[in-house]
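In what comes next, chain A is part of two complexes: it sits with chain B in the first one and with chain C in the second one.
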Partner chain A sequence: MKAKLISPFWVMVRKEMADHMRSWRYNLMLLLIGLTCLGSLYTAMMSIREAVPKDQTLNAFLFLKLFTVSDGTLPPFITFIGFLGPLLGISLGFDAVNSERNKGTLSRVMAQPIHRDFLIGAKFVGALILISMMFLSLGFLVMGLGLLAIGIPPSAEEFLRMLLFLLLSIIYVGFWLSLAILFSIKFRQSATSALSSLSIWLFFSVFFTMLIQLIANATAPVNATNPNDILQHQQFIQVIMSLSPSQLFSEATTTLLTPTVRSLGPLTLEQVYGAIPSPLPLGQSMLLIWPQVTGMIAATLVCFGISYAYFMRQEIRSR
Partner chain B sequence: MLDPIIELQDLTKKYDQFIAVNRLSLSIQKGEVFGLLGPNGAGKSTTILMMLGLSEPTSGSVRVCGINSTREPILVKQKVGYLPDDVGFYEDLTGYENLIYTAELNRLSKEEAIRRAKELLARVGLSDAADKKAGAYSRGMRQRLGLADVLIKQPEVIILDEPTLGIDPAGVKELLQLIQRLSRDEGITVLLSSHHLHQVQQICDRVGIFVQGRLLAVGDVSALSRQLFAEDLFILEVGVKQLSPDLIEQLMQIDDVTSVKQNNELLFISCSRDLTGEIAETIVRSGARLTYLNQKQYGLDEIYHRYFERGEVK
Partner chain C sequence: MSIIRSKSIHFLITFLLLGLFIMPTTKAAEGVILFSPYTDISVTPGESIHYSIDVINNSGSVQDLELAVEGLSNQWKHELTAGGWKIQRIAVKPDDSQTVSLDVDVPLEVEKGTYNFHLIAPGKTSLPFTVHITEEGTFKTEFTSEQPNMEGPSTGAFNFETTLRNRTVENQLYSLTADAPKGWDIQFKVDSKRVTSVNVEANSTKDVDVEIVPPENVKAGSYKIPLKAATNSTSAQTELEVVITGTYDLKLSTPSGLLSTDVTAGDERKLQVEVTNTGSANLRDIELKSEAPVNWEVTFEPKKIDAIEAGKSAEVTATIKADQKAIAGDYVVNMTAETAEASSDAGFRVAVKTSLLWGWVGILIILGVIGGMYYLFKKYGRR
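Presenting the complex of A and B:
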């Protein structure tokens, strides 16, 4: 008898998921991402012929190219995920708490015998499960269609790399989700919280690179004769670049899906000298992007932690 | 009478410098219907939030069903149903689905939840609207659904914050009768807050008057008004033309008239019993012209004012 009862937390998660699945918002996002994913798959298949290297040494990772190559008409799959993922996260989270507050349901739910953190926990977990379902199914759809189209099955390593790529995308969208939930707790109006999250997204995806350019130009060493100066400058630029979650995401996914990427920082001629131009094994690629992955997870946890602390201390008043 | 189910002791809540609730002590007995009366901003809702452990008191203690609400809010919320003022429901779920959701949050089994939801919907008269989206409910229906929502966990105590606000008079009557029946039939303790004395006095066993964070008086309604208005239970507002100073003298002579105040052509006469006839007669006999006569009723307003006056005299 006892075993049949679900914990209230999972009741709430289930309700969150049902709400999202019935909402226009989620279905529109699903349609949008689904269409762009099919579009980029189509262009990738059109241009994959040119991407096949002439020498036979490097074509081991042909399957991964489905996600990364493009003939220029449409961006590849990873660019789309990097661009639309935040939008998905924001759209699922921006009115998580304030809409409940404005509709007067928050105080009613809080009067039930549940812990207060169940509410934001359920909001986060419910949306994250949906995002995972969406990404995994889209990812497998692309793989399946790619398999049918090019007729080469992926190797185990390619498959693992793709799974890790999908996992990274989920973490990345999770970051934007938790940011949006934070704003939904902070701001009473859902329009305010939506616009705040969108402005942060725009800032990082459009203005941040411009800003970096400015800083790079301003701080560039005057007489570029000392290689150490140039190296230092380059490293400094990389540090500020990595403040942007979209930068972290694109570095990490590029490395994962393009095994030939050997380093994310500058390499000196001495370091390159004698290296065999072969793809990195998965373990080495993972080591390379470990800081990026940690950074993304940490950013997500920080946002969630702030929302948690903020929500626990907030007074629940009716409307 | 020795079994208090809600016990507040020296409860205080401060927001920065503002004192919302000031050293409130109150105990409510099991099975009682208690009305917390006070104007907006008196601290009624704050007190209720502290009883549920949704807000932390600055000092003092709250015990509900013998449990400290601040320390163990979950245990308290298992036994206490709370209907917030202007309650909201998930608008794209039906009334029935909303109830089932609440039942599941209270760890009721599916069968039990379905059974109770149907029974309660019938009880609050919403059986026909059970499969309508809650977003399409009227204010009165929402309030009744709210009552069902509160009852689904089979509470020992229900706390209703302004349950009659914004409902039409017929709806108010219906809701109050429903609450009264619940308390009588199932022995549920009811605490309700309101700023309408006349609505609440019909069903409350006792009321507490709560102004600016302080509890000014507690007792049953008739005792309270007798105690408050012992000297001048009735006030007459009289319009008189060609008023002579003698007339006021004469009016003061009538037994049981306690005071006469003049404001241009209006007289305010307080008396301890209904003297409307005598006063009218006196005025007419004196040769003045009576233009208007009105017997004023005591509302909560007067009670507040009365208490404020006393409070300042102290």
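Presenting the complex of A and C:
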């Protein structure tokens, strides 16, 4: 056994990746995300000149602006990733198990001398590796083109922030991937699972903010004289907001790529008094978004855990 | 009686003659009169007096007179001239007069007072002269200042006006020196030009401005600056006094000069603060105050410094306690050290770090999830 060069798990991962690479779905998504990425990079370069702060003493973090600045015609890079990333995850995961089951290949694979959890693991890991490759290459493409265009090399901190941003994006897409895999185990029809994943995605990216607005208006304190009440209300709204993974992602990435963001919650005047507008060091930015990062990692793992348990308990019959 | 009467008539004639000539003349003897209109004058030392004296012959014969000056000391140079020659004798025709010039040089070194001398024609007549010397004359240099004392802070320059008076009969080139303490800058100025020597003509004066710049870190007190103007033959000294009033200044900083620190929210940070007396006077009762964001606490140990000598510094431990709710990033904490006379403040940039507690909680949550998954793998895996 030890003499074996590649374990069957990695063989299955490779097979999964090869399947995805040849699929129309993945290539279309790659094209879509690649194009939007180039488009947003172009608008960022057009408007980065205005983004240079007048006060030269402040550390400008100019390079990070490539990801966040836009002139309004196209959204910046982080918005695109936040919007299209879930779609990528869903498209890679929505038919992971049920299509195999419908085609009858699942029982055939299970007939091989492999552990049963290799299958579900390989589905998740294979797709995640593809997503990572795609995001890392896109991220470095933006860095390279940005370096060519503005000619200012990123500082070590800027580089680390960009890497962490890419890592966060991978985790975020990983969440949607594991959610889609969960649905693909749950629903026998791949169309049903795709629609359920998409509806959740749409709910969180479009309707959730409206719903929050509604709740915020309904629960707003009647006489807004006590600042404590307003503060509590704000915090309550924030707690509901953080139920949305897209909200977590946008908060985390904004803080990472905009070092001047010092707080995500409502601020009292006492907290602001005496504060100097200055960028946070990377460690402090990470601490600030640590709850968001924790939530995203935990949600991804929990989703995967549920799908794993669910898959292991399902019986697999040959047709 | 008749003798007395005749004498009285004689006096009367004399008085009449006196009245005729207005000014006193010689005793009319042998018919020769010496006359000068100005016999009592006031002069200053070094001046030359020119007398014009008429020798009048009232007699019927030619008078041959010997003329001499009597009662003048050797320092007083005098000369009798007439018709362009220096003369000792003079002859006057009957009922005629001659004019004789007497030049007297008043010496420079002469005491104030009244001096009398006579022009005499021995055996015949004499003419008294009186010279009042109005001031003391010296053969020396005077170096004086009308206002030899000035007071001011150590930051400014002191401008004194002095007068150099050459009381000698020769032009003198004085070299000007000052025996100032170390670090003092003394400059002599004549006609607003900086000079080290000055030329003063005989018996005249020159105004010399002296600019004194004290050293920057001079202590409060009075300082004497002796000045000297000297040539190889004469010299004069004067002394100027500069009274430095103390300046009060202090500086608040840290021993390293670094004005930034970091603190974890809700925690405290101890900071060494240095108060330096940069003035020239001692400071007393230095209080330390702070201006910090809301709900922050800054305490000093000690709260008050009793005294700091000029140029010395004292260290204080400041404890900055950040608000529990302070957000991550930089805040400004202003500290002020103040006395009644001076104050100094320093803005400290305090970087607030958030507590790592919630970071560990997050890691624990993730570890819990991973643990749950491990349980799942154990339970269902490898079937």
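Methods note: the second predicted complex is superposed on the first by the 313 of 319 C-alpha atoms of A that agree within 3 Å, B and C clash if a C-alpha of one lies under 4 Å from a C-alpha of the other, contacts with A are read in each partner's own complex, and residues count from 1 in each chain.
Just so it is clear, a residue touches a chain if its C-beta (ideal position, glycine included) is under 8 Å from a C-beta of that chain, and two chains touch if they have at least 3 such contacts.
Just so it is clear, the model here is predicted, and its values are computed rather than measured.
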Chain B and chain C placed together on chain A: clash or fit? fit
Chosen between chain B and chain C, the partner touching more chain A residues is C
Which of chain B and chain C A:Ile316 touches, first, second, both or neither
first
Name the contact category of A:Leu301: first (chain B only), second (chain C only), both, or neither. second
Message: Is A:His115 touching anything from chain B or chain C once the two structures are fitted on A? First, second, both or neither.
response: both
>> So in the superposed three-chain picture, is A:Arg22 touching just chain B, just chain C, both, or none of them (first/second/both/neither)?
In response: first
For A:Val293 in the superposed arrangement: first (chain B), second (chain C), both or neither?
second
Contact-wise, after the overlay, does A:Arg188 reach chain B, chain C, both or neither (first, second, both, neither)?
neither
**OP:** Answer with first, second, both or neither: which of chain B and chain C does A:Leu280 touch in the superposed model?
**Re:** second
Quick note, chain A centre (C-alpha) to chain B and to chain C: the enclosed angle in degrees to the nearest 10 is 160
Least Cα-Cα separation in the three-chain superposition, chain B to chain C, whole Å, stands at 6
Residue overlap on chain A between the chain B interface and the chain C interface 115
Chain C partner, complex, touching residues on chain A are 115-117, 262-263, 267-271, 273-276, 278, 280-281, 283-285, 287-288, 290-291, 293-294, 297-298, 301-302, 304-305, 308-309, 312-313
Note: in the complex, chain A contacts chain B through residues 1, 4-6, 8, 11-12, 15, 19, 22, 103-105, 107-115, 315-319
Given the complex, residues on chain B that touch chain A span 45, 49, 52, 54-55, 74-75, 77-78, 80-92, 101-102, 104-107, 109-110, 146, 149, 153, 161
Touching chain A in the complex, chain C uses residues 292-296, 323, 325-333, 349, 351, 353-354, 356, 358-359, 361-363, 365-366, 369-370, 372-373, 376-377, 380-383
